[in-house]
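Here the chain labels run A, B, C and D in written order, and each chain numbers its own residues starting at 1.
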Amino acid sequence: MRRYFGRKFLIYGLTFLLAVTIDWLIPRFMPGDPIANMLSRAALNADAAQVLYTYYTHAFRLDLPIWQQYLNFWNALFHGDLGISTYLFPTPVVRVLLRAVPYDIALLLPAILLSWLAGNRFGAFAARTKWLDNTVLPLGYILTATPYMWLGILLAWVLGIVLGLFPIAGAYSFDLSPHLSWRFLSDVVWHWFLPFASLFLVQFGGWAIGMRNMIIYELEADYSHYLEALGSPRRLVRNYAFRNALLPQLSGLALQLGVIVAGALVTEVVFSYPGIGYLLLSAIQNQDYFLVQGCFLFIIIGVLVANFAIDIVYVLVDPRTRKGMTGEKA
Amino acid sequence: MSLQVENLRVYYQTLRGDVKALDGATFTIEDREIMGLAGESGCGKTTLGHSLIRLTAPLRYVEGRVILDGAELPIADMARMDEFRMKRISIIPQYAMNALNPTRKIGTMTQELIRSRRMEAETSPEELRRRLDLVRLPHDVLNMYPIELSGGMKQRMVMVLSTLLNPSLLIADEITSALDVATQKAVAEMLVEFRDRGIVKSMIVITHDVSILYQVADSILVMYAGQLAEKASTETIIRSPRHPYTKMLVSSLPTVGVRYAEHKLAGIPGTTPLLLDPPQGCRFRDRCPVAFRKCVEVPPFLELAKGHWVACWKEFGSHA
Amino acid sequence: MKTAKGSEFLFFALRNPKLRVGLTVVLFFLGLSLIGPLLTHNAPFDYVNPAGADPPSSEYWFGTTTFGQDVFAQFVEGLRATFLVGWIGGGLGTLIGVIVGFTAGYRGGLVDEALNMLTNIVLVIPTLAVLLIITAYLEVRGVLIESIFIGLTAWPWTARAIRAQTFSLRSREFVDLARLSGMKSSKIVFTEIAPNMMSYLLLAFILQFGGATLIAATLDFIGLGPTTGISLGLMMNNAVLWGALYLGMWWWFVPPGLAITTIVGALYVTNVGLDEVFNPKLREM
Amino acid sequence: MKRSRIVLSILVAMALLLAACGQATEVPPEPVETEEAAPPEPTVAPPEEPTEVVFERGETLYVSGAAWGPPSTWNPFQPGNLANTTGTIGFLYEVLFAFDPMTGEMTPWLAESGEWTDATTYDLALREGLTWSDGEPLTAADVVFTFELGQQYAALWFSNVWVYLTGVTAVDDTHVQFAFTADPLYQEWANNLYNIPIVPEHLWAGLSEEDITIGANENPIGSGAYLYESHGEDRNVWVRNEAWWGIDVFGTPAPARIVDIRTSSNNVALGMVIKGELDLSNNYLPGVADLSTRGYVSTFFADAPYMLSANTAVLFLNTTKSPMDDPAFRRALAFAINTGDIVNVAYANLVRAANPTGLLPSLSNFVDQDVVDRLGFSYDPAESRSILAAAGYVDVDGDGFVEAPDGSAIALEVTCPFGWTDWMEAISVIANSAQEAGINIQAATPDYGAWNTALQSGTFDMTLNNWANMSNTPWTLYNLLFRHPIQELMQSGNFGRYDNQEIFDLVDALARVPSTDVAGMQAACSAIQELMLTEVPMIPLWYNGLWAQFSNATWTNWPTEESAAATLPTTWSGYWQLGGLQTLINLEPVPAP
């Protein structure tokens, strides 16, 4: 087990190092001059523009030697200082991000966990039940093949516009200012539902068919046959098969995280839901590379943490990892 | 008599038609008899073993009856067989190494199995530990995961599990093939001990390895190409076999403990016939040195001497 | 025996419903993307319909956009882009994945450690975030560039799968025998391992193909796709930007999404179908 | 399973709550800059009065279309597109005069009157009883303070008035005297009078240069009709200043609260307008013609072009590159562009074609019609071809496109930023029509960053730009078109680097004509126009609309062509003093049925 976690930590460590370096490179490679872009539409007189330009350049520490910039970046990082957003000038990037993070948690956590649980249940249920396998499962394939944004668009169109059941933009109504009341909470949930639904459905399909295919392997495994030979009822056999099929599904979840993040990103864009993904896009479109850095960093950290959480769960459920062997499955 | 198999036919379904893997087997096993089942791979011995306890696709039941302790086994009916499995008839599978659920503590799995069979009453924890002692497994294996056990330990654990409900017939399928010679011997001895202690009444030991049978089996049934060739007491089979195939089998056995079945018999020219459409009559005739015209008819499986059954016209001839 | 095996494969391939359905759909769209442009005399961007947005009609099968552009013309053109991304992006992804995974799995030892490490690292970094940033760097983007970048970031999971597969193959008896009989490892790879790997590669490629098209659609949709030409994702992007949802121009955003979904879905089904063909265990008897 | 569901739902609730509170704690966030530079402590802090949590629909005005991004600064000196917060100037901080483009009138605002007592002295009288929202009086001292900030800090956009401004003195509490050098830029001065926001000395005197030039100025204290209440990612909420000095002068603005919504994309705004959730949308909404005929929204004009004109979309030609350095080619190009298609197809008639001089309709009295008749241009491929042919541009290799007189092939790019959908359509029209006329132009849409770099460093071939707002003087436009001197980076005009001292002098001359001397201005303009239309250094194509679609569901009496005294129906930053505020004051609530 120590070895197992040792490996994991090494990988995560290196990943983080790499990610941060990429992150640091981002602004250094952006096309054009972000500060010039920022000031461009200001229609200033030349010398005023010049003063501001030098000011910003200094504020963003772009006037230091490269190696020093890199060290400063790390240093600042550990002090939780990600610079100042140019797009939301003069708000510090960290503050902008901390505002967005809760929305992502609210969106992703339930979507991921629920779809995983429900999808697996359903897949196991459908597997080897011929009529289900042939009728309901195709739905799974459709769902998992659906581009997140398209499902989002459809939901927005049908439920939001045609039927007018749900709002399709923002996190809460414009006639409310945040406060603790049922009115407000329900409003928030009401806005949250469609983005959540589109994330949930797509993943649900994926997990369902994933489990369906996994469990068929497991039902054909030797231990299943042995149990049958000993006349144990189908219930037990299926139960074992299900539990064991969950393991690859679990590592599958880890592999999927990247894709899910992507899904969340576009979903947030479709429903203009103020999470990191939405922020990242605006940041890119507005050439705000400090914000881009921040978003990227947060996403990476998020994914790493999630991965680690999954590793822990994996150790808990799979004895093989605990007993020294690395329980990694491809 | 414990087990009685009558004209059992089980075919193996493939796209190009049925493979007559087991084509009419009739034999009996006495109480307390350990019968070895020998033959080259693909001769149908494993098919026979499986047919008795878990007959699933692509195997297909064609005809024949199996009577265990006077009751007929519904071998063609997966569901109805459950009642008999483990209680009356049980198996130590070839894949004993992987037979245990990797993610369950062995003790837990055992209990869940027992409970699922509603046999809690019949199996006290003490009894379970006694069985473990019997196969020389420490009691704390119950708190271990299969992965923590060596191959031999796993196999012994499976032996305990399979025999926990004292089945009257135990099928041991190639249980030694994966083990080193020393362990083989131990396992073999345990099998005998199971019988001696009356945990199992009788046993079918399927193996490539005649030398093992020499150690454990009271009798040996030799199969060839999906049909029975000869059955007799181990002594007789080794010392004075009568079916030409058995003779070659035994004689091509250079030293005890050599496995031959992986590659085809050294001494015997020709190959085992494809069982898709086997030749008429005696299936061994193409390779048989002593074959004659009579052999185009299927030879019956007759008891020539007490407990000595042979399917060969030559033999009948000499005794007609 | 080999021929028997081959014919058996064919036998099942032809009888596997999943495989049949899946392939038919994919081929249908492929065909459409190829001959589609011949079916319409309109160029994707021409303002052919003076009336502006019109629902599907005999004249314009998929209706027209706000500017009176023929949606069908754009659709078939977009299909091409989608398949292009699939082939190039998916192909590249598979290729890299196979090379890395195979080398790791076959060489083992330090090489494996290093490559596996790399794979895991790239695996953890969320692809789209990286793609977003990369594409943001490119000032003018085309479908080709896009697919290449997608391929460059999509390989890790294939690498992992292939690696695992290679491990299992490497330890199979026939490979051991070959090695014992002093066969050169390169020869072993091609005569013994590669053939057994083919089925696996095919499956991997199909998944990569699907993945690539999905990612491309995502990029295009958020406006970081090709800045030149048209693609299904871009169509959806335009539709949304020009208020197709509110103005009820469903014919503008439904077909592209539907096409992507159906194609990718069909690919997945094909994949499972093939899987069943390759692993008899999975066939429903 | 069950349990996990419950747990999760709790999780969601908590996270969302967190998010919500994240929003709530927006007011007031800690200052960004260094500790010693804390924002001014309001003596009467508006946020401290209990903020309603649910806004009464009947008393709330919902507007959108002004915000570039989430509100992040309330600094009235924050330049250009950083000022995500419309209303900072107008609601919060006020200017001396208002200017009404519809009438061309400068109307006193903070000022009561102002006049040039002689060529170099400008006397300004403030109104009596002006107050800041914290109760302090707004006096001449504040005006002096504000202007002197410009002298002190070059970073302030209006600092360059001090090129010709020599001193500001407070005669008494309500009188200010401005002293100038020999020849002040009268035009720009007039412009400044309604653009420079007056800030409170008693709060700003203590601020650092950083705070003043680029600080966020959270919890701002102004003198205007509305007070900052709160803001979120996608909104900025203003509440009426019941103690506003202007109530007795101009009347009470009807909406008790204004929610300025930043819509993530135009189509979201479109949806809200349709649902009646938005009272005034200043977004560019495709298909608005359809919507207004269906009665979802109203617009200033009942039919095309529906919108007033806000600014001129000009096609800048990079005159440092061949063949754009050839006036004949430029003129031919001007005839080749099918402006009609841009108007009809790309904009579905939401805009109108521009006058060749580029001057907005509101400035039409400065257009020398005679010059336009002689030298003006319009879509005419035949004419274009003949000009080309005459100038030696002929299709040598028979590829359908003309080659330069020296035989070299011509392949040009017309650009606009990717994602500016209406312009993207427009440039494809430009490219197509030019190609039909035999000029090989392709449309390209690089990312904004790339586009902007090309624009400022002059590496583009030809590109669209419209950075001249509505103004009291044609000088504003010409200052954009003929910005000089030519520099390394042209950040705010003359991107095509058209270098012609003669026209530069004419523009400077115009700037020095007193705004009262209309005839003088006209003379100066026609001279500029004569030269401009002969040289065609750039091509004015169409007027971007003052996008405004409003709903009469909750608020009525919006300005339309029928209105007696129509004002601008806009919430755009910099337009409040151009009548936007007056529009609010004129609004009337719809009595609840």
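The rule is simple: contacts are C-beta pairs under 8 Å (C-beta built on N, C-alpha and C of every residue); 3 or more make two chains touch, one makes a residue touch a chain.
Since this is a predicted model, take the numbers as computed values, not measurements.
Chain pair with the larger contact count among C-D and A-C is A-C, by C-beta pairs in contact. Of all chains displayed, A has the C-alpha centre closest to the centre of the whole protein C-alpha set. Chain B and chain D have Cα centroids lying 92 Å from one another. Between chain C and chain D the centroid-to-centroid distance comes to 46 Å (mean Cα coordinates, whole Å).
Averaged Cα coordinates give chain A a centre that lies 22 Å from the centre of chain C. For the pair chain A and chain B, the distance between mean C-alpha positions equals 55 Å. Along chain A, residues 30-31, 161, 269, 285 each make contact with two or more other chains. Shared contact sites, meaning residues of chain B that touch two or more other chains, are absent. Listed for chain C are residues 136, 139, 223, 240, 245-246, each touching two or more other chains. For chain A in complex with chain C, the touching residues are 10-12, 14-15, 18-19, 22, 26, 29-31, 128, 130, 133, 138, 141-142, 144-150, 153-154, 156-157, 161, 209, 213, 216-217, 220, 255, 257-259, 261-262, 265-266, 269-270, 280-281, 284-285, 292, 295-296, 299-300, 303-304, 307, 329-330. The touching residues of chain D, when paired with chain A in their complex, are 1, 4-5, 8-9, 11-13, 15-24, 26, 29, 32-33, 51-55, 57, 60, 62, 68-70, 72-73, 78-82, 84, 153-157, 159-160, 210, 213-216, 230, 232-235, 237, 259, 261, 263-265, 268, 271-272, 275, 277, 419, 447-450, 452-453, 455-456, 467, 487, 489, 491-492.
Across the complex, chain A is touched by residues 53-54, 56, 78, 81-87, 90-91, 93, 95, 98-105, 112-113, 116-117, 145, 147-148, 158, 161-162 of chain B. Interface residues of chain C facing chain D in the complex, by the touch rule stated above, are 45, 47, 52-53, 66-68, 136, 139-140, 223, 227-228, 238, 240-247.
Chain A makes touch with chain B in their complex at residues 221-223, 225-233, 235-236, 240, 243-244, 247, 317-320, 323, 325.
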